[in-house]
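The letters A, B, C and D name the chains in turn, as written, and every chain counts its residues from 1.
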Amino acid sequence: MKKLINKPEDVVKEELEGMALAYPDLIKIHLDPDFDYRADAPVKGKVALISGGGSGHEPMHGGLVGHGMLDAACPGAVFTSPTPDQMLEAAKMVNSGKGVLYIIKNYTGDVMNFQMAADMARDEGIDVDTIIIDDDVAVKDSLYTAGRRGVGTTVLAEHILGAAAEKGYTLQELAALGRKVNINGRSMGMALTSCTVPAAGKPTFELGEDEMEVGIGIHGEPGRKRMKIMTADEITEILATSIIDDGPYTRTLAQWDKDKGDWVDVEVTDPPFKKGDEVLAFVNSMGGTPDIELPIIYRKLHEICEKKGLKIVRNLMGRYITSLEMQGCSITLLKMDDELKELWDAPVHTPGMRWGM
Amino acid sequence: MSENETTITKDDIVEWLKATAAVLEENAHYLSELDAPIGDADHGINMNRGFKKVMSKLPNVEDKDIGTILRTTGMALISSVGGAGGPLYGTLYLEAGKAVRGKTELSANDLVNLIEASLKGIVKLGKANIGDKTMVDAITPAVEALRQSVNNGNSLIEALHSMTDAAQKGMKDTIPMLAKKGRASYLGERSIGHQDPGATSSYLVLKTLSETIESRHASK
Amino acid sequence: MKKLINKPEDVVKEELEGMALAYPDLIKIHLDPDFDYRADAPVKGKVALISGGGSGHEPMHGGLVGHGMLDAACPGAVFTSPTPDQMLEAAKMVNSGKGVLYIIKNYTGDVMNFQMAADMARDEGIDVDTIIIDDDVAVKDSLYTAGRRGVGTTVLAEHILGAAAEKGYTLQELAALGRKVNINGRSMGMALTSCTVPAAGKPTFELGEDEMEVGIGIHGEPGRKRMKIMTADEITEILATSIIDDGPYTRTLAQWDKDKGDWVDVEVTDPPFKKGDEVLAFVNSMGGTPDIELPIIYRKLHEICEKKGLKIVRNLMGRYITSLEMQGCSITLLKMDDELKELWDAPVHTPGMRWGM
Amino acid sequence: MSENETTITKDDIVEWLKATAAVLEENAHYLSELDAPIGDADHGINMNRGFKKVMSKLPNVEDKDIGTILRTTGMALISSVGGAGGPLYGTLYLEAGKAVRGKTELSANDLVNLIEASLKGIVKLGKANIGDKTMVDAITPAVEALRQSVNNGNSLIEALHSMTDAAQKGMKDTIPMLAKKGRASYLGERSIGHQDPGATSSYLVLKTLSETIESRHASK
C-alpha cells in the first residue's frame, strides 16, 4: 500500500486536523465524535444541513461544508458509515433552532445510523427531517433489496439545498426540494483500477490489466459487470445511455411522519429523461483519474446528450465524489428547472466547491 | 438433569465479551476478506474497532448487572462500529440487555429469551428475511436449535453446542444465496458463491459464547 | 495502460475540445496550432499572459486560463514542450496591444521553444517579455547545468501576475513582479508511483512496492534519490526542510534586453527563508494522490513552519500542477509581502482555480 | 580519386529524409526507452511525430533546391517536435539549409560545410560542450571525422563511413558521462551509465545519410 499517511487508524482524525488548519475561516472541527462544521455555525435563521458517510470520498462530505452547502459533515472510517453520536452532536452544534436536515446516501449502514441519530436528536427536541439519495442506475431496481445507491446526485443536492437554505427555505421545503432533486438525478460509474482501504492495506478487488468494472459503487464494491477495457467514447456511451434510457424507477423510501411520530415507507417513482429536458451534466473523477481525461468524457457526453435531445444547461467536471485513488469516472445527469438553475448558480464557498464568492 | 440447572453468571458474560473481542481481533482480517468480494472489505475492521471500544468501557460496568453490561456493550458498538454492522450488532446487545434487565445470573431459559430478543431487534431494524444472505441466516437457526435443545432437557453445554452447530450451518448456507439486503445485494447474481461476512461474525460470537461457558464450567 | 482516452495521439486535441464544450463562457480553443484562450480576449488595456508546456499537468496550464490568470495556454504533447508556432499564434490572438508576457518553466525544451516564439513574435511587432520559473530545490544548484526546474511556484505566479495584469500593471512591471515571485518561491516534490505517458503505454519508471522517489520533477523524470517509503510526517519533513533550509541559490537566466535587442544572461540569487517570514504554503497532489491525504501533509507542514518561525498567511491545497495519475505530492513555499497578499486575494475565475467571482 | 568527385543530388537528400523518417519510426520506441531512465521517455515519440510532419511537407518542395528542402524540414520539425529536440533538430536542418542555399548538388566539401553549420547552430542554441552528454557528443566527432577523411582525399563513401563510425563512438561515449545539459542533468550522478537518446538519434540520422548515399551510389 502506497499512501501519504501515518497510521491507518489516524487518517480520518489527521485529515480533519489538517482541514481545520488549512481552512480556519471556513470550517471548524470537533473530535470524538468526529465532524467538521461551518466556522460561523449556527447560522441564525437558517435550517442546518448535515450529511456524512464513510471517509474516502473527499471532498464529499467534509470538504463541502460552508456557505451555500453543508453546515456539518460526519466522516466515518474509510468507506464505513459514521455512527449516530456523530450526527447527533453535529446537529446540536449547528442547529439554529430552524431544524436540521440529514442528507443520507442510500446504503443500509448510512440509513440505519442516520435514522438512529434522527431519533436521538428528536428525543433531544431538535426538529429533524431526512432525505435519501438513491440515484445509481447501475443497481437493478427492486422493492425487495437495499435498492439503488446514493452517488453523484448527492453532491448536486448538497449545493442546491445549501443555496435554498441560505435563501430561507423551511425544513419542510428543503426536504421536499431534496426529494425532487433525488428523483430527477441519475448516475452511473465505472472503474479502471481498484482502491486500497488504508486499514486493509491491499486493493479491495483485482482487475486485470485489460479489464474494467462497470456500474461500480463508491466503496470499491464490485459493479454491475466486469468487461474488457474500452475507449473513453465507448465507456461514455455505456454510462450515458444507461442513465438516459433508464425507465421509471419505483421503490419505497423511509420518511419521518411528523403527525404519526414514526417512520413510514413512501413509494416514490423517478420520471425517466425525455427529449427536450434541460439537464445539468456532471462528469466526476473517481479520484485517481487525472484532469486531462475528464474533458474527453465530457466531449462525448455532450455529443450523446445532443443526439438524445437533452440540453445541457449547467455542468460540473472534476473530483467531487471519489473512491480514494481509484481510477475511473461517473456521470450524473440532473433534470433542471428554473428553481434548480437559480439555486445552482447561487454562491457557494467550501474547500471543495466554490463560486460567486 | 442437574446440568440443565447450570447458570450463566455476570462473570461468564464479561469473559464472553472479552473472548469475543479477542476472537474478532484474530478474525478481523478474515472477516474483511469475506466482505471484499460482496461488500466493501471492512466488516472485520469495523467489528474489531467496535469491540476495542467495548473493552475500554467494560471496566466501568464489570460489577453491574448483566443487563447493564450488555446495554453498555450495545451502546459502545453503535458509537464505534458504523456501517450496517454497527446498528445491527448494537441492537443485538441492546435488546439482549433489555431482555435480562437487572439480572446477575441467567438460566438456560433466560439465555433463550436473550438471544430471541436480539434476533427480533435485528430483524425489526434490518428487515431481512431468512435467505436474504445476512447475519439473520446464522442467528435464526441458532436460536431455534438452542431453544429446542433446552426444551428437550439437554444440558446447557449441549444446548450451546447445538446452537453453535446450527449457526455454523446457517453461515455456510449463505454461500449459495443471492443477497437481498445490504451492500451485497447490489451484486445480484454475482453475490452467489460467497459466504456472508455478517453471518460469519455472528457465528463467531455465538461459538465464543459456547466455548466460554464450556471452559469456565469445566474449570469449576 | 489504463486510461479514459480514445487514441493516445488524440488526447490533447480531444481534451481541448472537451474544455471548450464544458467552459464556453470562459475559454475558447484554437486547433493546429493548439492553444486555449480567454473567451473575452484580447482584453482591452491589459497585458496578456501566456504560458504553456507539455500536457499532463492539468489543470496547469490550459485550466488556468481566465480572469485573474492566464490569457492563453499552449499545450504540447504529454510531457513535451509545445512548439513556437503555438505561442506565436496565441500571442497574436490575445495581444490587446499592451504586449505579451511568456511565463516559462525552466526546462531546456520549454525555454528554447518559448525564446524562438518570442523572437518570432517580436519580428511581427508584438512587444514580448519572458519570465522563467526555476524553483525546484531538488535540483542541485550549478551555473553549468540546465539549472532548477520550474514547478509549483508557476501556479502561484500565474495567478499573482494575472491579478496584477487585471489591475493594469505594464509589461515591464509584470516581468519584474514575475521575477520577484520566482526568487521568493521554492518547491520540492516526491512520488509514490510512476505515471504512464499515453503514447508510451507503460510506466515511465518502476518503483518497488516499498519505495518512493524524492525530489521528482513533474514529467515522470527520476528524482534526487530513491528511498524506502516513509510516513506522511517524515515525507513532509524531508520536503519542507529541504525547502526552508536551502541556502542562497545563484544562477544565470536569459532575459531579453530591449535596448540591446538581444538575449542576455542575468545572474540572479534567491534569498533563503528566514525566521519571521510570511509565507504562502501550497500543498499539491501529483494527480493520483487523493484529497484525503493532502490535509495530513498540510497539518505537518503547518507544524514545521511554526517551529521554523515561518508564518503561513495564505495557503493553497489541491491538484494544480500534476503528472498525470502519479501518486505523490509537492510542497511550495512562497515568501509573501503586502503586494503579493493583495494580488493573491484578488478574484480569479478559471476552470481550475476560482474565487471572488 | 574520381570517387571523391561523387556528388550528392537533391534526390539523394530527399531519399535521405524519407529514410530518416522510416528509421526514426522504427526506432521511436527504442529512443523513448533510452529517454526514460534519464529523461521523460518521449524522445522517440517526438522525433517520429516530427518526421511524419516533414514527410507531409516534403512533396511541396521535392523539386526545389536542397537549401529549401532542408529549411522546410527544419521548420516542420520546429513546429511539430517540441521539447528540446524540436528546436535543436529544427536548427540542425535550418542551418544546414542556409549553408547550401540555392544548390541542387553538393560536393563532399559542401557536405562538410553543411554539417559543420548544423553543429554550430546547435551549440549556439543549446550551449552544450563536448562531454555534457548530449547530441553534440555524437555530432562533433562525426563532423571532425568527415572533414578529415575528405581532406585526406578519401572517397565520399569512405568519408561517410568514417563519419558514421565516429558518430557511433561519440554516442557510446555518452554512456559513462555525467549529464550537464537537458533533462538528464537533474539526475546528477544517476545520469551516469545511460546512453544519451539525443546522441543516439543523431547517430541514426548520420548513419542513414551514409547508407542512403552508399546504396544510391551502388545502384547507379
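In this text, contacts are C-beta pairs under 8 Å (C-beta built on N, C-alpha and C of every residue); 3 or more make two chains touch, one makes a residue touch a chain.
Remember, predicted model here, so these are calculated numbers, not experimental data.
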| item | value |
| --- | --- |
| Farthest chain relative to chain B (centres taken as mean CA coordinates) | D |
| Where chain A and chain D are represented by their mean Cα positions, the distance between them in whole Å | 57 |
| Distance from chain B to chain A - Cα centre to Cα centre, in angstrom | 33 |
| Chain D residues counted as touching two or more neighbouring chains | none |
| Residue list for chain A, restricted to those that touch at least two other chains | 78 |
| Chain contact graph, described as a line, ring, star, complete graph or other shape | line |
| Residues of chain C defined as touching chain A within the complex | 2-7, 11, 14-19, 21-22, 55-56, 58-59, 63, 78, 192-193, 209, 212, 229, 231-233, 235, 283, 287-299, 302, 315, 317, 319, 322, 324-325, 327-329, 351-352, 354-357 |
| Chain C to chain D touching residues, read off their complex | 33, 54, 76-85, 107-109, 112-113, 116, 138-140, 144-146, 149, 197, 199-200, 204-205, 217, 219-222 |
| Residues of chain B touching chain A in the complex | 32, 36-42, 45-46, 49, 78-88, 125-126, 179-183, 185-188, 190 |
